[in-house]
Structure formats: structure tokens, C-alpha cells
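As C-alpha cells, here come the structures.
Across the two complexes that follow, subunit A remains constant while its partner is subunit B and subsequently subunit C.
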Partner chain A sequence: MNLRKYLEVYNKFLHTSLASELEYKTNILIDLITAILSLIGSIFLLSIFFQNNGYIGGWKFEQALIIQAIYTILNGITNTWFNPNLTEIVKHIREGTLDFVLLKPIDSQFFISLKKINPSGILEIILGFFLLFFCIKINQINLNLSFLTLSLITISCSICILYSLWFFISTTTIWFVKTWNAIEVLRSFLYIGRFPLNSFSFSLRVFFSIFIPITFITTIPSEVFLGLSQVWKILLEVFVATVFLVTSRKFWLFALKFYSSASS
Partner chain B sequence: MVQNIIDVRNLSKSFDISSKEPGLKGTIKHFFNRKTKSLKVIKDISFEIKEGEIVGFLGANGAGKTTILKMLCGLIYPSEGSILVSGHLPFRRKGNFLKNITLIMGQKQQLIWDLPPIESFYLNASIYDLDKFEAKKRIKKLSEMLEIDEELFIPVRKLSLGQRMKSELLAALIHEPNILFLDEPTLGLDINAQRNLRKFLKKYNKDTNATICLTSHYMKDITSLCERVICVHEGRISYDGKLNLLLKKLSPVKEILIVCRSEKDATRLESSGFTVKNKIKNEITLKIENNSITSSLKTILNNFDIEDLFINEPPIDEIIGKVLIKKDYDI
Partner chain C sequence: MISNLINRKLITLFKVQYSNMLEYRVEIALWAISGIIPFFMLNIWTNNNLNESINISDVMLSRYFLCAFFVRQFSVVWVVFSFEEDSLMGKVSPYLIQPLNPFFRYFAQHIAEQITRFPFALIIAFFFFIFNPESIWIPNLGILLLSIVSTFLSFLIQFLIQSIVACLCFWTEKASSIERLLFIPTLFLSGLLAPVVSFPAYVKSWIYLTPFPYLIDFPANLLSGNETNISGGLSMQILWIFVLFPLFKKIWSEGTKKYTAMGS
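Then we have the complex of A and B:
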């Protein structure tokens, strides 16, 4: 893989999709307002849950706010990259425009995963980071190199798991043609990631850790921030992320053999 | 000797197709117990195409033309048989192969809808490893050939269908491929836009010696571009050869409308032994075999007082229509 070429193509992707989005100024403004209101609403909802005794699953409100911050960052990444690109796969397959992607001398997964960008999602990422820095301050977290490295590793793994899950579901479109519902189910499961894993019953903890590893996505990075995480959990997250990423890649290459293109 | 650039041997393709009975009962049955059957859409076909040839694929809707084209460019895996395009197995979609080919579909587009075409051209240029200078040079050259200029800077959604198709062509040719797969490229275009597109393709083929495989339901595309046609009928090749031989075989006579100076001359011509289609006053339409047109016209001009005459080519759509519904044409 020619890294320089891919960086240059990605630079063009950024440029063209930003230019496309900026054609519709009002739409961007509405998206920005929605992102701010959504964050305020989520924090408000979280504060209601904590009103009774101040603890859920052993987490204080200030600590749970870290999960909300990480969720906001990940949701921002979802809205910036995953949503505009991965939902488009379904459209590409239904309408047969995947033909143009497959006939380009570039990795098809790279092309369909990164071609578009939604700038309003970037505001969510920024808001998430603001909230995260606020949490670091109120929880008196000591920022050091190992803490930053572990945070970066766990958040990157979370992004990989989220991306792989979404990409895996989108790939099944090659057989099932319509998978909007499955993607909606995944998105609604993601909301669960705003709450600490310990706040769920044992059976749900197992379900959200093994079958749909949503809780890996937010809880483990949050535990790193609070210094509560154990090494085995971090290693497990790295392992899960690698398995998901490799499997989704292999599955995509396998699925392409069954691509029959849309009729003309 | 001109090399074969496309070599297809015993190619077949099957798809799993599900069918549904009408009505609510049929829908419920279809949802719970979907029955699929394997349908062979391409059946054991073989052909070769030489470098620089323009070949038209003819066939009724659903005959399998587009499926053949998609297998040739590597989008669909063949079920049986072998394909070699420019020395490559197309379905492996290797970089060197993809840099050599392009697919243009009249009913699908790759240009970015909200941006001017120029943005899509530069994106494609970076995908095909072209630097900015080279891309600019090629865009200039192709836009001159396609006679587009200001349109390059207007958002695609505001362009007419004809302008959009020209831009699609430019986007698809920026890497200067030497094999072009065109699936109904003139679909929906007006007569002038169709003519311009054909003119461009002819010139591109002449300048670059590119091989062109074309499907179209507009016979004018086929007659003005393709010397050779491959007729596909229900997944099989029913004819593969020169277009003019096919036309001659299927339409051995021409109709000649003769306007005589007087009705008397027309009556005399009517009884002179030619096959008459009809006669109205001083106008008479004769049916004359292709191989005796020159001698017949000589006789008529020498013996009758003629004011004007018109040679009518038989409607090509009608002739080709005959081919599309027959299984085999042995010329």
C-alpha cells in the first residue's frame, strides 16, 4: 500500500466532502444546534438518574460524566465518519454504484469508509473533549504520559470496535440488500454505552461485553481515566478490537465475491 | 498482426433468483419460505476482441449484455469458463488491470452531485496517481475533445443530462484507459448530444487505438461506431461478425422512390418488369435487390423521363429487431 497516495486521496476526500457539505449552510447550522442540545439533554438525563443516592453501580455522577464525555466523542466520530460513509454502503449496493468504487485502483474498504465527512460531527467531538477536560478537573485526575498513552490506546480500540461492528452489518447488505434496521438497532445499543457497565444486571453485563461489546467501547476508557482499570481489561479490549477489525476486513473481501451488482 | 486484447472461453454465469406469487398470501409465503432457483443468464459463450476494435453488444432487455460487460471488467465473478482481458483475470481487480480499463454506465453516475465536475476529476486523478500538472493537461485535452469548458465549474446537479454525460466521460477517461466498457452511454440524451458523444468516441478510438465494448438500444450508436457486433439472445451468442454482412443478409432489397415527369412515364415504368411496391400518380416505389441497384438505375435513367429519385435504406431498428428475437444467425 502506497501510504503517500492514500494520504493524498484522503486529503481530496476531506476537501470534496467539506465543500459538498458547505453548499448547504442551513443544514450545517441545524446539525450544530442539534449536537449542542443533544449533549445538554444527555447530561440532564444522567443527572436525573443520579438524583436519588448519588451512585449507580458504584460510580459517582462526576465519574459517570467521563463515560458521557467519551460517548460524546465517539458519537461525534460516528456522525463525522461512520454515519455518512457506512450507511452509504447500503445505497451503493442497492443502486449498483459500488461498481465505480470496485473499479478504482484503490482499496475499496478505504474508499467507502472514508470518502465522506460530516463537519457538524466535529463539533460533537470538540464538545466531548471539553466535557472530558472538565471531568479531568473535577475528578482531580493526574495527567501523565502513561495515563495519556493508555487513554489513547483504549479510545482507539473503542473506535475500531465501533467501526468494525457497523462495517460488518453494512457488508451483509451484499446478501440481504436492506440492513437499515440492523444499523438502527446498533445505534440504539450505542446509547447504552453512556452508562457504566456495573449499573446493569449480570446477564446484561455478559451480553453487552461478549455478544455486542458496546460496554468495552466506553466503560474501559473511562476506567482508565479514573485509574480503576485493570491491565487484563485493557489487553482484552486491544484483543477484541484486533479480532473485530481483522474479521470485518476478511468478511468484506469474502462478501465481494458474492456481489452481483444492480441490474441496469 | 493485431493482438487479441479480450479472450473469452466457454463463459457462463448463474444467479440465484427468487420469485413471488401475487397477493398477500404470496407475500407472506415469500417472507417465510422464500424459494430461490438458479438461473443461468450467460450460457457457454466464447469470443475474442482485438486491440483497437469497437464491438457492439446487441440484445433485447435481459439478454445478458450488461452481465457480459460486468464480467469483462471484473465486477462479477463468472460461474464457469475463463476471461482474459489485457492479459489479466478481471475478477482479481489488480491495480495494473484497473488502470487500463474504464466502465461508463448511462444510467449511473460517479460525479459528486453537489460539486462542479472539476472536483471529481482531480479526485480521480489522485486515485490514478496523476500529479496535478498531468491531471490539468489531460483535463484540458479531454474537455477540448468533448467541447466542454464552463460546465466544468458548475455544480453537477445544475448541468443538463448531456453536459453531465460528457463530464462523466471525462471523469472515466482521465487515466487514459485503453479498454472502454460502455453500457448504454447515450441513454436519455437528445439527438445532438448523442451525435457529439459518438463523434468523441470515434475520435478517442482513432487517436488512442483504445478497444471499445459498447451496449446500446440506439441503433445509430451501433451503426456509426461498430464494424462488428455480437448479438446476445437469452444468454447465448446468436451472431458474431460484421454489421454490414448482417444487414445485407437480413435486408437483401432496397426501396427506391422514383418521381417521373409525367404519370404516363410512371405507368410505363410500372409495366416494365420491376417489382413495384406502390404507385401514386407520377410517383412510384420499386423494390430492387442490393446487387442489381446500379444496373437497374442505369436502365431507368436511360429509358424514362425522371424528375427525382430517393433510395430508402430499410429501417435498421426493424432489421436488428429481427436479430434480437432469433436464436441463431449463420452468415
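Then we have the complex of A and C:
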């Protein structure tokens, strides 16, 4: 692994995909409005839940807002990197252009995971950070070094889990060819990440911690922000993230053995 | 004579599209699964006893969300995405030559997809009743027919709105981002995530003038037996169709004049 080479290549990726995306400037504006409206919508929904209740699943409204903020940041990351790249895998496999990717003297997973970038997602990330700072203010959270490291660790783990989930489903394209709808299913499950896990019934909580680890994605980082999280939960998240990353990598290499190119 | 011709054309189209859709059973099943968000919302509502404040019993609320799921299943529209692809690939040109508005083709596609989807929706409802046996009910025939009609009208409203957006492809190429923007108010205001009765008064005062509550909230209330104004709701649905249809015809005739047959 030559890190320098990969950085250079990534720089080129950024350049080309930004250039092509900026062709559609009004699109970026519309996407920004969409992101803002969607955030307003989910805060509106949250406010309906809290209309006559002080607590939901043990979370106050101000605390639940942190989850919204983290969800918005992660959703922005999904829209910036995961969504445009990993939906491209479907196209690569259907049209057989994955051949060209595999022939390149570069890691194939690196290439297909980072080739494209969607700048409008970055605006969503910024929006999420604004909300997060606002939450830090209204919840009177003390910013110190250990807190910052912990939150950084948990959020990076969430990103890894999220990436692995996306990559895992996209990899199954090698067998099933059309997986658009499986991605839709994942998206609808991820929607749960907007709400504190404790607000769901026990069976759903188990489902969302074991089968699709949505708990780890938004709830644990938010608990870190509120200083509620125990050490074992953070360690568990690091462990889960590592397992997911390693498995998704192995799964990709395994799946490639079954790739037989299109129309050949 | 003319109506006979249209009937024959339409029936052929339906048959072709239905056999086409049957090819994609797995995708459609997955798509049906991706629509289960209302059940997660129901879980939040009942698990935190939020429904007490809006005077709806657990059973009525679970019926409401089940019906919301059903209405959503049979009013999903994606015409803008198909049309955008066809228009970018230049496939619209041969359709335009045919003596039939291409939107009939998409319309037949949607209806055929709904028929294919029906058994999967029933299976999901079956599982729902296994987990919530107390919410089983049998609506009377009149109500059932009326709610099928109102679900179809809701589908028509959404189909017309999206077709109008799709026609914007003639001007902007990427109309799907506008659709994603419009989807946000549809998601939060239609009653898919929370029944409209639970909305705060400042929203309820104007929301009934917009088309949104008639897309899911009204048909779902009708079918589940919750209180609703039947004649008022149906007439508003019909009114919106009468508003949107001429608009679609206008934008279609303007757009086809602009069409430049890209990609061919």
C-alpha cells in the first residue's frame, strides 16, 4: 500500500467528480433546500412526539435533538460518498464495466468506494454540525479533550459501520444484479436512527442492535455527547465497527471470485 | 370507436407491463418491505403512550398505521425517475411518435406494479396481525370500496404531480431533484409518520387546504374506521385532480415543443 499514491489518486477523483457535479448548479441548490426541509420536517415530527410528554424513552427534547444532528451529519456523509459511489457498483456490474476497474493497478474497493463525490451532501453535513453546536449550547455540554476524542472515535466508528452496511449490500449485486431496492430497504431501516433507541419496544431494540446495528450508529455517539455512555458501550462499538469493516472487505474479495463480467 | 381503441391499447399495455413486472418479483417484494416505516412509528407512539394525548386508542392507532402502510403501498409513484432516464437516454423519441401519450405507458407500469405488489403487502399485513392480534377488524364493504376509490384518487394526485415535475425534464434534464424536494412535505405532512389529527393547531389550520393530508391520512382514516369527513375528503381529492390535470396537459404540450431528442 502506497499511501502517497492513493492520496494523489483521490485528489484526482475529487477534482473530476466535483467538476462534473458542478455542471448542475441549480441541482445543488435544490438539494440544499431539500436537506433543510427534511431537517425541519424531522424536528417537527419530534416536536409532535414531545407535545404532551416531557420524556421519550428517557430522552428530553433537547437531548433527542443531538440524535437528529448526528443523523443529519451521517446522512450527509452517506449522500456525499456512499450513495453516489455504491449505487454506481450496480451499474458497473450490469454493464460489465467493473472489468476496467479490476484491471487498474489500484485497489478495487478503494476505487469504487471513493470515485465519486456529491457536493450537495457536504452542505447537509455542515447543517448537521450547526445543529450539533446548537445542541451543545442548549444542553450545556463542557467541551474538553477526552470528550472530544471519545465523540470523534464513536462517530468515526458509526461512519465505518454505515459504510460497511452500504458496501455489503452493494456487493451482493455481483450475484443478484439488481439491488436498488435492497438499498431502499436499508435506507428505510436507517430512518430509525433519527430516534432514540429506548423509545422502541424491546423486540425492535434487540433487532436494531444485533441484526442491523443502528443503535451503534446514532444512539451511542449521542450518549457520549450527553456524558451518559459507559465505557463498555464505546468499546463494543469499536469492536463492532472493526468486525463490520473487516467482514465487508473479506466479503468483497470473496464476491469478486464470482464475478463473471457482463455479456461474456 | 375511439374509446374502444383506447381500451384495446390500454389493456394490451397493462398485460405487457404486468408480465414485465412479474419478472421483478423479488425487487417488488423488497420495495414492499421498504415501506414499513409506519410500523416503526406506531411502535414509538404506543410504546411511549403518546396516543393518549390525541384520544386515539392503541387499537385504532395500529389500524391507522396499517392502513397508512397499505395506502402508501398502492400510491407509490416513480414516474419522474423513469421519465428522466428515458429522456436522458433519448428513449422518449420513439414513444412520442406513437399515437398514444407516453404517460399512459408509465401509468400502466404503475398499475401493473401495484397488482404484483398486492400479495406481498398482504403477507406483511398478515405478519402485522400476528404481532397485533387485537387490531384485526373487517371494514364493511361500502367503506372498503370507498377507501379503494380514495386510495386510487390519492395515487392519481401523486401521479399527476410527478408527471408535471417529470415534464420539467424538457427544460432541466435532472428533474428528479425537484421530486426529492417535493417528497419531503409529502413524507411529513401526508400522515405517513404521524396522523394529521396529532399535528399542532398552527399546522392543522392550513394543512387541509393543501393536497398532502388527502394522500395518506384521509384514505387511511377512512379504511381504519377513524373519524373523518368522507364527502369532504373525496371532493377535495377530486378537486385537486381537476386542478392538476389541465396543468399537466399544458406543461406537456409546452414541453414537447421544447424537446430536442437528446442522446439520439
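Here is the rule we use: the second predicted complex is superposed on the first by the 263 of 264 C-alpha atoms of A that agree within 3 Å, B and C clash if a C-alpha of one lies under 4 Å from a C-alpha of the other, contacts with A are read in each partner's own complex, and residues count from 1 in each chain.
Just so it is clear, a contact is a pair of C-beta atoms (placed from the backbone, for glycine too) under 8 Å apart; a residue touches a chain by one contact, two chains touch by 3 or more.
Owing to the predicted nature of the structure, the values given are computational and were not obtained by experimental measurement.
Once the complexes are laid over each other on subunit A, subunit B and subunit C both fit without any clash.
By the touch criterion stated above, A:100 is placed in contact with subunit B alone, subunit C being left untouched. Judged by the number of subunit A residues each one touches, C leads among subunit B and subunit C.
Contact with neither subunit B nor subunit C is seen for A:146 once the two complexes are overlaid on the shared chain. In the superposition on chain A, A:19 makes contact with subunit B only, not with subunit C.
Residue contacts after overlaying the shared chain place A:8 against subunit B, while subunit C stays out of touching range. For the pair subunit B and subunit C, the minimum alpha-carbon spacing after aligning on chain A is 6 Å. Comparing which residues of subunit A touch subunit B with which touch subunit C, the overlap comprises 24.
Residues of subunit A that touch subunit C in their complex: 24, 26-27, 30-31, 33-34, 37-38, 41-42, 44-45, 47-49, 51-53, 56-57, 176, 178, 180-182, 184-185, 187-188, 191-192, 195, 199-201, 204.
Those residues of subunit B that touch subunit A in the shared complex are 15, 66, 70, 73-77, 93, 95, 98-99, 101-103, 105, 107-110, 112-115, 119-120, 122-124, 126-129, 155, 183-184.
On subunit C, the positions that touch subunit A within their shared complex are 24, 26-28, 30-31, 33-37, 40, 43-44, 47-50, 52-53, 172-174, 177-178, 180-181, 184-185, 187-188, 193-194, 198-200, 203.
Residues 2, 5, 8-9, 11-13, 15-16, 19-20, 23-24, 95-97, 99-100, 102-106, 257, 259-261, 263-264 of subunit A touch subunit B in their complex.
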